[in-house]
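Both of the next two complexes hold subunit A, though its partner changes from subunit B to subunit C.
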Partner chain A sequence: MLIEILQQTINGLAIGGVYVLIALGLTTVFGILGIAHFAHGSVSMFGGYLTFFLVTSQGLPVLVAIPIALVVGFLLGLLIEIIAYRPVRDANHINAFIVALGLTMMVEGINLQMFGHEQVVIPTGLSRVFRLGGVTVPELRIYVIIAAIVLVAAMMLFVERTKTGQAIRAVAENRDAAILMGVNVKSIPLIVFGISTSLGVAAGIMVGALFAIAPGIGEGFVVKGFAVLILGGLGSFPGAILGGTVLGITESIAAGFISSAYKDVIAFVVMILVLLIRPQGLLGRSP
Partner chain B sequence: MNRTLTFLAWLAAFATLAMLPQLITVKYYLHLSILALIWVIMAQGQNLIQGYTGYVSIVGAGFMGIGAYSSTLLGLHLHLPTWVTIAMAPMVTALFALATGYPSLRIKGHYFAIVTLAFNLIIVIVLVNYKELTNGETGISNIPKLWGGSRDAYFYLVLLLAAFLTLLAALIARSRVGEILLAIRQNEDLVGSIGIAAWKYKLFAFVVSAMYAGLAGALYAHFQGFINPEIFGVAQSLDAILAVILGGSGTIAGPVIGAFLVVFLPELLRFADSFRLILYGLILVLATIFMPIGIVGVCKALICRLSGKGLRHGA
Partner chain C sequence: MFNRVKTGALAALAMALATTSACAAEKKLTIGVADALTGGGAVYGLPQANAVRMAADEINAAGGIKVGSDTYKIDVIAYDDKANPTEATNAVRKLIDRDGVKYILGFCCSGSTSAVASFIGNENAVMLVGNAAERSITTKKIPNLVRTRPPADFTGQAAGTFIARKGQKRIAVIGALDVGFYAQYVDSVERELKKVGSEIIAREVFTLRDRDMTPQLTKIRALNPDAILVVGYVESAAFVYRQAVELGMVIPRYGFTSGSEEQFLRVTTSEQMEGVWDLRPTELDLLSASKNGIAYHANYSKKYNASPSPSSPYAYDQLYVLKAAIEASGTVDDTAAVAKAIRALAIPSQVVMQYQPVDGKMFDVNGQAYTANGAFQWQKGKWVFVEELPSDAKAYSVFLSTLN
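Here is the complex of A and B:
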């Protein structure tokens, strides 16, 4: 029993890391631009497929394919901001959301067109499995957890310590004041979208390597990402990290002990309960 | 626009539709027309919550699925006549909508959209996994049809229902309730501040829109004779949103036009599924950026300009 719980916790940490990465992108976009970037999940899925394509069809090593996918993700983020979101910046927020829905459909369609309908697993060649007192830990999971921690730490350092990060926080805090202080507010959304999309792509690659990616999986991603935001509190980095980890572990334990078919239902029910009982999230400030 | 003129336009549209079975020689187009009319019901429901109340719900197809499955299963297990189960489907859907709407309408904007999307995902997961009842992904076939599967008769049934429900939507929109819904869309806090319990009206709009979807689902099931969970996935909920936006949200004619477009466009263009997604997505993005008032809004503006009158604010 205890070993089973430990086992599921470790499984949950890996998937939790993926959720944290997705949620960090979403929370940055939402916190700074007020956009519910619904297409985020589909773009993550696209990144996973792109990596698979680079590795299998182009014969690139995984460690080369991943940086390429991350850069493509960054550029895609810029493109999305300029083409889709910038025109509806000053319109009703519902419009931005509907644009996001449209973008989701487009990315899904382009993905189908480019990579087909098949479910794919990114081959990493990492198949060693460690055993620690009855708990089995595949090598890959450890790397995923480490990579997630490194990316999250890098993102935190970027936002907290760099000049650009400072500008981003300033815009989030008070856009008008930031303009008066000479912050170039036009470039901020671009940077935010680029970085967020890269993080999303990283998450998509992790899912593709750990489990599998299939068309339509992006919807699940983005809803999980928002579930993390809701759990942790909107716009809060520590909240996203805590929320993602909690959701990943809860889901794993639920899958192990209750039902793996209904694990997503359980995750969504947790999200809805949190919304009802503590709408500001676990670490959010009360409104 | 002139009232009598509007009335005449509606009458002409209805008469044209009523003559369709005689005009159409290719049976497949009649088939599509029936689907489009079912989608009119769906889109009118979606418009109530999305267009009038300003809450983008992404669970439309899920509710459609609940209607389709409840009508089918009630007939299968309780051996009720088909027209009874079709009438019961919206009631069952309403119960689900009450249970899900009450908590989710406490939250606003994006949150509401995300939570309703989660509901749609949950509905599909349950439909796929509760195999004893739903037969899983394989779905249920040989669903009984009305009048021995006569397309013409079914066309008129769906036409009458679509017309009646469009009229009902118009009556709701013109009533005090409709005004309050519009006010909620404009400024919900203000509605609350003058002592109106906004949540009651939001829940009303949500439940009514779910009943529309439930009925549409039941009509769909007994028309196609086959259902599976995939039909009621998020993609179809997005189609409903597209129909409302494209036609003109917050108008009565908009969902009608939007529904026909959503059903006929991909058939006329004969695209593969992936192209359809790209095209629809593109239309959704472009329409929201360049034509947020929809086709009906654009036509109204044109007519007003031609007749030399200024566009009435908020019309």
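Here is the complex of A and C:
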């Protein structure tokens, strides 16, 4: 039994890492700009598709393709902010909401046109399996977990320890006060979208390597990302990390010990239960 | 006066000639395809749509369909039903109502096909079902519906006998068991296992969108089964095979998927697939294929730059069935006559699948065709046909006739 619990926990950690990255991207945009960026899942999948293309069609090693995809992701984030969200920044929230929905359909369509309708798996060549006692861990999952930890740590360091990070937090706390303190608030949304999209692309690459990328997959991940956001506490970075990990492990344990048929339902039931006790989420601030 | 009569006669003759020429002129017969061209079902649906187009090109190149003095060239319109019942209903309604199509082919997936089957009986159209394996599609006695693929439990019975013979006592099942025909396949397997004292010890479910099966496999691993049986779409099954190896499960793996090597290798490696059994209708396999099958494989690969999926000839065969029936009935307009002619057909010489005739006909009274079933094993990067599984089409047809 103990081995099974450990195995399910490790199974859940890898997918939890993906949820964390998706949720961090979403929480950055939502917490700072107040935009529910629904296209985040589709953009993430674009990153996965791009990596697949670079590896399989261009013959690049996966370790070269990944940084390229992350940089392209960052630039794509800038583009999204400038073209899609900047024109409606000062308009009613419903405008940004509609833009987000339209953008989702647009990015999905672009993915379909550029990369086709077929499911793709990013070839990594990592097929070793490690055995510790009765627990088995595929090499790829170890790298995914490590990569997620590194990215999350880098993100936290950036936000907590750099001037730009401080400026982002200042805008998130109080935009008007940030302006008065001399923060260049025009550049903040750009940076936020760039970082958020890069994180999403990293998640897309992980999904593509661990599982597969296919049209429509991004929607499921963005729903889970928002669930994590709510579970962890809106706008909270530590909350997104904890929420994503909890959701990944809960799904895995629920599928293993209750029923795989209700995997998603059980995860969302846990989310609702947490919110009944802590309406602000696990690490969210009380209003 | 004479001149006027002569001119009139000449004009009438010219008109008559023109009319005759127009009548004998080449006509167009539009065939509809409703199939999953995107999404999870596309691994079956897209190759089916391709197969119909290829058959149409071949028929057109060979002169078309001959009905009396007319020759019909085939035009194919394909709509994506995304393997979704609502989309399939919309696609077929569009084909019938807007495009005026009377013959609809394709139909890879059971949910979407069942939705269309529920109303097609009231339409002036003929529906030819391909890969969709849900049994109830041909139990409703719909006169204008036939299916080229045998129902899943026809294959499940043969698969169960095969697994039972292998001597494994405790089998764990993992699959898309919320899909009716997969559950029917497993039920048939279980009946055969029970006959020799074997049992199914777990039924774990995944949905068609799932890609991470490790929670279910971890649970199965803890039960220590002698073998696993995987029933589901190719992609989901490929993940199960891959993740079972990643979890260190070194036990026989049986499956019911009908995927090509190419489709599996998009998800898993050949090493991870080594030894896997696929217990399915014989379908297209180069080691067991007829001359038609070998030619089909070569032509399809050349035309689409990809190997055909094993189940894709179900749709290819549909068009040759339709051609034969239209030519036999001598009409393209009277769909009832064409539907009747389909059921009276012997197996056309051009078909790829190896059908088992019932009373000398390709389709039984239920509109159901049967192919042989086979055991295929993954060996060194490809599916190898190992043996034919004993299957009694006649007996199954009698059983099918008793169902509603």
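The criterion applied here is as follows: the second predicted complex is superposed on the first by the 271 of 287 C-alpha atoms of A that agree within 3 Å, B and C clash if a C-alpha of one lies under 4 Å from a C-alpha of the other, contacts with A are read in each partner's own complex, and residues count from 1 in each chain.
The definition used in the following text is that a contact is a pair of C-beta atoms (placed from the backbone, for glycine too) under 8 Å apart; a residue touches a chain by one contact, two chains touch by 3 or more.
Only a predicted model underlies this, so the values are computations on that prediction, with no experimental measurement involved.
Based on the superposed arrangement around subunit A, label subunit B with subunit C as either clash or fit.
clash
Tell me the contact category for A:E251 with respect to subunit B and subunit C: first, second, both or neither.
It touches subunit C, and subunit B stays clear.
Which holds for A:A177: it touches subunit B only (first), subunit C only (second), both, or neither?
Neither subunit B nor subunit C is touched by A:A177.
After superposition on the shared chain, which partner residues are touched by A:V64: those of subunit B (first), subunit C (second), both, or neither?
neither
After the superposition on A, what does A:S127 contact: first (subunit B), second (subunit C), both or neither?
second
Touching A:N11 in the superposition: subunit B (first), subunit C (second), both, neither?
second
Under the stated touch criterion, which partner chain does A:L101 make contact with: subunit B (first), subunit C (second), both, or neither?
After superposing on A, A:L101 lies in contact with subunit B but is clear of subunit C.
Touching A:G220 in the superposition: subunit B (first), subunit C (second), both, neither?
In the superposed model, A:G220 contacts both subunit B and subunit C.
Is A:A154 in contact with subunit B, with subunit C, with both, or with neither (first, second, both, neither)?
In the superposition, A:A154 touches no partner, neither subunit B nor subunit C.
Of all the subunit A residues, which ones make contact with subunit B and with subunit C?
112, 216, 220, 261
Which residues of subunit C touch subunit A in the complex?
Touch list, subunit C to subunit A: 37-40, 42, 46, 178, 204-206, 209-212, 214-216, 218-219, 221-222, 235, 239, 245-248, 266-267, 269, 271-272.
Touching subunit C in the complex: which residues of subunit A?
3-4, 7-8, 11-12, 15, 112, 117-121, 127, 129, 131, 136, 138, 210-212, 214-217, 220, 251-257, 259-261, 263
How about subunit A: which of its residues touch subunit B in the complex?
30, 36, 38, 84, 87-88, 91, 93-95, 97-99, 101-110, 112-113, 216, 219-220, 223, 226-227, 230, 261-262, 264-265, 268, 271-272, 275-276, 279
Where on subunit B is subunit A touching in the complex?
Touching subunit A from subunit B are residues 54, 56, 58, 103-104, 106-107, 109-111, 113-115, 117-119, 121-122, 125-126, 128-129, 233-235, 238, 241, 245, 273-285, 288-289, 292.
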